[in-house]
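Presented sequentially are two complexes of chain A, the first with chain B as partner and the second with chain C.
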Partner chain A sequence: MTRTLGRIALVLGLPAILLVTWWFASAGSTSFYQPPLETIVKVFPDTWTAARFKSDVVPSLIRLFIGYGLALVVGIGLGVLIGANRRLRSLLEPILEFLRAIPPPVLVPILILIAGIGNPTKVLVIVVGGVWPVLLNTVEGVRGVDDVLSDTCRSYKIHGWLRIRTFILRAASPQIVVGARQALSICIIMMVIGELLGATDGLGYTVVEFQRGFQIPEMWSGVFVLGLLGVLLSLAFTLVERRVLNWYHGARAAERSGH
Partner chain B sequence: MLEISSLRKTYGGQGREVEAIGNITLTVADGQFACVVGPSGCGKTTLLRCLGGLLTPTSGEVRVNGQVVTGPPDGLAIVFQEYGRSLFPWLRVGENIELPLKSKGLPRAERQQIVTDSLKAVGLADAGKAYPWQLSGGMQQRVAIARAIAFQPKVMLMDEPFAAVDAQTRADLEDLVRTVWKRFGMTMLFVTHDIDEAVYLGQRVVMLSSSPTHVMENLDIDLPDDRDQLKTRSDARFVELRTHVYARIQEAKGANGQSPVPTAP
Partner chain C sequence: MTTSPPILRRAGDNPALLGLVGLLGFGALLEILPRVGVLPAEYFPPTSKIVSALVDEFGRAGFWRAVAGTVTTWLIGLTIAVVAGIVLGIVIGSIPALRLATASTIEFLRPIPSVALLPLAIVLFSAPVRSILLLVVYASFWQVLIQVLHGVTDVDPVARETAASYRLGRWRQARYLVWPTTLPYAMTGIRLAAAVALVLTITGELLIGGTKGIGEEINVAQSSIAVPSMYALIVVAGLIGLLANLATRRAERIVLAWHPSVRRELPL
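Coming up: the complex of A and B.
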């Protein structure tokens, strides 16, 4: 019990200290661009109403989930294909390294030129940003599967989809999860960037609108919402990861204790 | 039935060919328990991988149950040395045993029955829900044996399965393998570097030379069928047989140019 409390105190301690510091340091601020934290907190409930959530937060989230989902499907799918095939790997690796090295935001203007400024483009922007870490980590994970397990599959005639599902994907899952976590934060960034250019709704759009309308406390509150969203999604990710990689952490712990 | 005729395996590469197996001809009759021993590095594992269809021989032929081996043959199961790497760590023990049955296309109820029976046969009736890494090394190898049994093979290959477990566990597992073999009557080929183990387990011991490997001697083990860790191992005949095998293996090592180890008195 005291242990749990201690952990909670440790997790929340620094954010609390920073907020309190900000609160008092900004208390007397007369600067237009750096309003007191108190003002930001005061405008928060009026800014982030249920109607605003429906009109701006929900569309952003839908685009994020579709884009992230597609990045995962495409990244893992291609990753398994490339990782399992040595020839394909040596053929594609230089190209993949090149494509990965391009910062995804610079692709946004190009994508807008090609695909317009509708929802599909905004989703595409998210996919283009998030697919790389998933793809490259999946390739690594699939390449590194254990030889003995591979032989076991062969001699027990575990082929095709059953093999991919119960062997390849599971064996590569620790690495895939690493890629998926990187992709999640990149996708959130790409979601905002996609909404900065030619959007009519969304979180990024809202923040920019506040800035253009000189509603500075409201703009700050939007930044808060984005930060909170990131934290919540990361928490959700950790919960999923725990389920998926339960075996991995268990096996690692057993190894360490010299089992 | 296992038939190996003029099997040869070389590993090629940049101008230097390594001949792992020179020429092996060997037949193991249906239901026979044969142990293969040889000096270290003599290509025991290479032989076993050729039998299991995991390696293609350079020349010669392997037949399992009359069929020429071109890939992993039907009705053959392998128990690997590295138990920690041959069980799927993300699957529970029961699921590990069930997986090959899924690929065989057996219905669920039948699979469950077989899993329960095989776990019982290796003395792990309660372990089905555990993960492999929650078990000791010896228990993990029992699970691997249970998985092989569940596959209902006609031929079972074991590749130094007990090399990595402690002596106590090893004795228990040896007796388990004898029990399993007697109960299910499969053809058994057991590869080991442990001479005592080979003599204790087999109806027959096949001695391999050092590389390039050929069969040096086929020795029938005329010990009573009921083996017992204490009685059999102190039996005068057992001591005679193991001394003979030991001497031959030393001879093989000497022939390879390595300094011969002084023979046991």
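Coming up: the complex of A and C.
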């Protein structure tokens, strides 16, 4: 009982101290840009109403999920293709290294020029940012599959889709998950950037509108929402990862205890 | 004719040559597709036009000032993040109570997307460079901190007990035990942070503006619809990223020359 209490204190202690410090340190703040925490909390329910969620948060999330999903599909698909073929890999490696080195946000102006500022562009922006970590990690994962298992598959005449599904994707999945995690945080960033550079709705757009309109407490509350979104999605990813890679973590733990 | 000609076969076995063929092929494809009209030439200028725009940029003094501006902001931000990350990482990592108490806060702050702080950064600082630096430092700091935290806890128990038997003091333990263990992790963190910091530097320039930098140049090219220049600047951004990556890898090899992971790669 005391141990559980102790752990709860450890988890919540510092955040509580920080928040309380912020609350009292900012309480008498007259600075226009650093309003008291109390004010920010007060405007929060009025700012993030159900209607606002429907008009701005939901469209952002839909674009994020479509973009992230496409980035995963394209990245894993191409990654399996490139990773499994040695010649294709050496043919494309320098190009991929270069394309990956381009900071994705600089592509946004070009994409806006090409495709306008509609929803497809905003989804495309997310895909363009998120596809690289998935692609490169999949290539690495597929390249690193166990030779013995690969030969075993060949002896049992396991080919084509069955081989990809039951062997290659499985064997590469720890690496693919690493890429997918990096891609998720990049996709969130690209979602916001896409909305900053030309949009009429969305989370990023709303927050910048508050900033431009000097609605500073509302802007702070928007930053909270964006931060919370990042935290929640990362939490959700960890839960999914635990399910998907359960076998892997189990095998690793068994390996370690065996030594 | 079932055997391929010897030159082709050799090319197939030489990854560097194949890579070069790939690069040239990619360039040729982007030259031909807009010319024959498969891609609209006004938005996808052929490679030759991008290259000539690139050459024009190289001859412009403003371009080099922009490159210098981007690299300076990047290096300042990266340095702050690396120093803060290593110092805090070692302090937090070596005191178990502190590590436990900060774990939840770190887990909460780390996934906050750095661009979420953009409006804050704009209103908090009047100088654009400072706003950009806030984003750069925030994004890259976590990469270093997390790696260093992993590194500090990875100290070999036998080495730790040996150090204790020899009665090494706190400072000498940090110097001869914790630091060499942490350094490879810290270098990985620095490599990751360097890439993130560059992305955030150019993004900040693009979104905040008002500083000399590649991002700002892209903004200017966009507003004057100079499409080949935009592509040329994007290529430059990629090249800077590539160089940054090479430089950090190089630094890793030099700093960790004594470490087994690097020594093993040397031919005996």
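Definition applied: the second predicted complex is superposed on the first by the 245 of 259 C-alpha atoms of A that agree within 3 Å, B and C clash if a C-alpha of one lies under 4 Å from a C-alpha of the other, contacts with A are read in each partner's own complex, and residues count from 1 in each chain.
Going forward, a contact is a pair of C-beta atoms (placed from the backbone, for glycine too) under 8 Å apart; a residue touches a chain by one contact, two chains touch by 3 or more.
All values reported here derive from a predicted model rather than from experimental measurement.
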* Structure fact -> Counting residues of chain A touched by each of chain B and chain C, the higher count belongs to C
* Asked: After superposition on the shared chain, which partner residues are touched by A:G69: those of chain B (first), chain C (second), both, or neither?
  -> neither
* Pick one for A:G250: touches chain B only (first), chain C only (second), both, or neither. => first
* Check whether A:L162 is in contact with chain B, with chain C, with both or with neither, and answer first, second, both or neither. => first
* Which of chain B and chain C A:I110 touches, first, second, both or neither -> second
* In the superposed arrangement, which partner chain does A:D146 touch: chain B (first), chain C (second), both, or neither? -> first
* Asked: Intersection of chain A residues contacting chain B with those contacting chain C?
  -> none
* Spell out the part of chain C that touches chain A in their complex, as residue ranges. => 12, 14-16, 18-23, 25-26, 43-44, 100-105, 108, 110-120, 122-124, 198-199, 202-203, 206-207, 214-215, 218-219, 222, 225, 227, 230-231, 233-235, 237-242, 244-245
* In the complex formed with chain B, which residues of chain A make contact? -> 146-149, 151-152, 154-159, 162, 166-167, 170-171, 173, 247-248, 250-251, 254-255, 259
* **Residue ranges of chain B in contact with chain A within the complex** => 49, 52-54, 71-72, 76-78, 80, 82, 85-86, 88-91, 99-100, 102-104, 131, 133-134, 136-137, 147, 151
* **Touching residues (chain side chain A, partner chain C) in the complex** => 10-15, 18, 33-34, 87, 90-95, 97-110, 113-114, 185, 188-189, 192-193, 196-197, 204, 207-208, 210-211, 216, 219-220, 222-223, 226-227, 229-231, 233-234
